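Remarks on the structure that follows.
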Amino acid sequence: MDFRSDNVTGACPEVMTALAAANAGSVSSYGDDDLTKGLTRRFQEIFETDRLVAFPVATGTAANSLALAQLTPPFGAVWCHANAHIEEDECGAPEFYTGGAKLVLLGGEHGRIDAADLAARLKAYPFGVEHHVQPGAVSLTQATESGTAYRPDDIAAIAEVCRKYRLGLHVDGARFANALAHLNCSAADLTWKAGVDVLSFGATKNGALAAEALVFFRPELATDFVYRRKRAGHLFSKMRFLSAQLDGYLDDGVWLRNARHANAMAARLAAGLAKLPGVSLAHPVEANEVFVTLPEAAIVALEAKGFRFHRWGGAGATTIRLVTAFNTEEKAVDAMVGAAGKVLA
Amino acid sequence: MDFRSDNVTGACPEVMTALAAANAGSVSSYGDDDLTKGLTRRFQEIFETDRLVAFPVATGTAANSLALAQLTPPFGAVWCHANAHIEEDECGAPEFYTGGAKLVLLGGEHGRIDAADLAARLKAYPFGVEHHVQPGAVSLTQATESGTAYRPDDIAAIAEVCRKYRLGLHVDGARFANALAHLNCSAADLTWKAGVDVLSFGATKNGALAAEALVFFRPELATDFVYRRKRAGHLFSKMRFLSAQLDGYLDDGVWLRNARHANAMAARLAAGLAKLPGVSLAHPVEANEVFVTLPEAAIVALEAKGFRFHRWGGAGATTIRLVTAFNTEEKAVDAMVGAAGKVLA
Amino acid sequence: MDFRSDNVTGACPEVMTALAAANAGSVSSYGDDDLTKGLTRRFQEIFETDRLVAFPVATGTAANSLALAQLTPPFGAVWCHANAHIEEDECGAPEFYTGGAKLVLLGGEHGRIDAADLAARLKAYPFGVEHHVQPGAVSLTQATESGTAYRPDDIAAIAEVCRKYRLGLHVDGARFANALAHLNCSAADLTWKAGVDVLSFGATKNGALAAEALVFFRPELATDFVYRRKRAGHLFSKMRFLSAQLDGYLDDGVWLRNARHANAMAARLAAGLAKLPGVSLAHPVEANEVFVTLPEAAIVALEAKGFRFHRWGGAGATTIRLVTAFNTEEKAVDAMVGAAGKVLA
Amino acid sequence: MDFRSDNVTGACPEVMTALAAANAGSVSSYGDDDLTKGLTRRFQEIFETDRLVAFPVATGTAANSLALAQLTPPFGAVWCHANAHIEEDECGAPEFYTGGAKLVLLGGEHGRIDAADLAARLKAYPFGVEHHVQPGAVSLTQATESGTAYRPDDIAAIAEVCRKYRLGLHVDGARFANALAHLNCSAADLTWKAGVDVLSFGATKNGALAAEALVFFRPELATDFVYRRKRAGHLFSKMRFLSAQLDGYLDDGVWLRNARHANAMAARLAAGLAKLPGVSLAHPVEANEVFVTLPEAAIVALEAKGFRFHRWGGAGATTIRLVTAFNTEEKAVDAMVGAAGKVLA
């Protein structure tokens, strides 16, 4: 019973099948293959717009950093939540790719930054003064690091601030599918219609082996992208294998089905745990992550029973994170809830 | 009949099988899985030494650039052949990863740099003078961009120069297996015993989907590697899928069998073509690449018949490169030779 | 009556004289002149140790960034106060020079970070985990951006934390002379004896035209410095002119005399203003800067009378910063106090 | 008798006077002073165009690197002569400032690149192909490292190639005044009228202490310049002292007078030496540098007599470089010629 992360999973069957199918034949390398060339069209359909270009990359860190490097000059700044993955978990990748831009940190409950807070900070910012890094982009995480989702109007409000100050709006969508499944809106509503410029469209956590797509909703922002990708070592020679994963992931709504399942398991887990005495949810459950606070003794007892999860907030914290995935079984969820009930009794 | 490159191939069956097998179960992410943890031991066996550490990455450009960044400071220089992949085909990746080091170019017949030439250049170099970038590493390509191989004593001579001037010695082994199969020596003889410090051990071109290993024969050179890999976006969350490819590739000598086959097909192709009137080999064939010069009309005629290959040396050149691979069929080779015979007749 | 900054001043007479004297004759360039070669010895005398090396540079930003680049790898982090000059006023220079390291911000009253706070943050830090930038250095400002000074034992406490976690300790001493003059201790006590590794020794604000020295108290930390300086364009061909400024600045205690005067003028200003109704000091005055909070109407009235100063804390703030310098006249201070008395009456 | 370089000199009297004059009073810092604000106008007069902006910096390396960073993306390339200062003598500064762009080297007699050669190279270049760095700029040195000058029509021919391929044209004018004085054309003819985009206008070697101007003839190319300068530590707080040097240098034609004198001394030196038996000029003398080849014994004998100069081409070479300056005395030249005559007799 492993709730550590959605990246402890393998790939879903549809992706594995697509990968195997892509293995046949002699095919042009470096993305000049049919699968890769068809990707932009596929994303255009899903996002209901002709105005996008999409590129496959293998990791979320690469997707995020390449996106930010397109939006922010070396002397620039990216505004993000203090707990953003790009700030806390990428070992300075955004700084590396941008050539030394700075991440400026915002607070915000449940992992979400707030448009009004952003607007106030930017209003006071010394734009155009050479002593200070110049804001280039805002980056959101969807779903957030706290397992919550930005609604379309949350994003639209932030996007309005971005437009006012001419900042690009990037979304780290490592769990975009989970947020979308939760909100039950269209992919278009949650992105370009709300003002998103670039999306790191995650697939790895939700069923792929190692595949993400970088989706530019304003193609002019992608002008230099291919050079940056290449010199970062992220242009794959046998690109078909990246594209095939995305293909299998997008076919027949696999991606949303996977996400809905993971979300349902998280909701079931949250509902079960929240009823128990001494347990409280640290954040609303709006995707596939459950953050619960419970007594230290209960955490230790659950670990001893073989349940696997991470503590959140560092050593000694009594909040744990439980992550469900496309392949989480109901019985695993119920076992966790049952065990928690026993140790808390 | 596609001789454009060995990267137009898919993956070999053994690698696909290993990949599928790795898909089972819940596994620690980011390389803390058994397959990845076992990689160093596997490479120690193959290279017959306990003194190495190995790390999987997905592309050759990433492997090369990460290696060079470990060996060379930002104010440093890497000495390499003027036709090296790191110079010509990586869009400045070494410069990006090192933080702006310079590649210094050497000549050399058939893609090989010469130890005496290197020694002469370094003897005259202003070491320790702050106006000039400081030599940090030498990088060889094995097999070379001209399809030739450095023999162990070629490498040993170069390594001796490196040691004298305290430079690291890197080998870009995108086609290391092909060189090794050709030379019929041990992997140890061709690397650390000859003085190689770091090897980009290629697998992608020879049967993997997207997998290389960075092998440090002096583990102390790898100290910072994991941070550099992570911030470059090359730490895969589901690392098992990279490691599984390498595992399948190394099992039961698949890698050498694949390479031997590709080499044999190249030799057959070269032998067949060299006999034809008006055809000459531009370089010795010591791996899986054949460079032949032939009349312009013959090139055009072969293209018209559907044979695929690249011209070498730019538009208008009459040298073509033919690359064979682990899955090149004898009948394809014979068809090419046959067709060439006809168009030249 | 200009209290905007100590950099609105020209140079002090002793520095101008030294500069003119240095103009004679033909002299080796790039620092191979007697003035430059003598600098390390001069600093060794002032800091009472043979264990230092000193290099002239022209700006504080260059000094700070070069120091941090010596202490911190590209995947590293520098811990500093949230209001540090390196964070707020250098347009990302530390990120540029280090190749993308991150500044991690600490709070702390009156511009000073606190050793216990630093220790707590570092104790919880995931050292050695590749997902996170690795702490490389702590940087203090002396005197601080709030015009306060770290005492030797403040620094020693911070240095102890640095040693525990193997971090370098850098001091941005743009106003080091002012802090030292205030504390009335030895330069040694305030630096290497307390555990400082590298000092940006400022001269520009306190009487030079454009000259700082980078002083390494552990010479082994300076190994690569000359290459970094050169490639940043900070190796001056006619280096004698930088060194001459430092020479004139250090001769006969000019630097401390200048600083004592500036401090005395700040103290006089603070004492005079603090007595006035509706005026409060925002920070203790421990160098040559006075931060006072006073009614908006009074600020406007003083500006209208031609007094020049900056508001602190952004537009609309009612705290102003008044900076005195080596050449501030007593009558200017008294005029300011007198005028403030009138507008507040 | 020191002919090692024009940077062994101090500053000329007019510059020292201007510097002293600039020391008076309280003046806005960071370039918001009258001297600095007037610089662009001064350069507009000298270059006879309203279409330029000029910025002072302290070193030639900073000027060159900042210019190239404005013209070339990190994945870009700068084409220059193999002996260019930016390639050989700046310790990788262009790579540092551009974020890792590559210098591509061209040959060319007497230090000059050739428009036809450049055109041929660019015609064959794989523009738009992501595997390769993308040409961003061409950089010339004026006068060249061989002491020769590009004539306006040489530059115009190169500029035409640049325009065709949309490359920026930069001129490293460390000795621009010397080239201009030699050619006896207008500053406009030698720059923007011939197609130059950005000029590093040198003053240090020809009479300043440490001052250059970066002159953008297409102001839109300077958009981000101020941020790059600041984060490189090249924004001086007491900027008036940089600007004053340039002011004194430009006043009353001091700069051209200085250059004409230096050139005349070089011409006299060349004429005197060329007549001697066993002496030959390695390059035409078109500025203030004389490259002469003479017997080893003569070189040793001249060194023994106390004449100072550098060998050119490394240890053992028998070509020496003699550089004259604004303050070289006729009698020094004659002494050198006389001594050479004796040792060669």
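Each chain carries a letter (A, B, C and D) given by its place in the written order, and its residues are counted from 1.
Please note the rule applied: a residue touches a chain if its C-beta (ideal position, glycine included) is under 8 Å from a C-beta of that chain, and two chains touch if they have at least 3 such contacts.
Being a predicted model, the structure only gives us computed values, none of them experimental.
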Between the pairs A-C and B-C, the one where more C-beta pairs touch: A-C
Most distant chain from chain A, judged by the mean position of its C-alpha atoms: D
Chain centre separation (chain A, chain C; CA means) in Å: 42
Inter-centroid spacing, chain C versus chain B (mean Cα positions, whole Å): 51
Multi-partner residues of chain D (at least 2 other chains): 30, 74-75, 90-92, 95-96, 99-100, 130-131, 133, 227, 230-231, 235
Complex contacts: residues of chain D adjacent to chain B: 74-77, 88-92, 95-96, 98-103, 124, 130-133, 314-315
Interface residues, chain D side, partner chain C - complex: 2, 4-5, 7-11, 16, 19-20, 22-30, 57-63, 65-66, 90-93, 95-97, 204-205, 209-210, 227, 230-238, 240-242
Residue ranges of chain D in contact with chain A within the complex: 30, 73-75, 99-100, 130-131, 133-134, 224, 226-231, 235
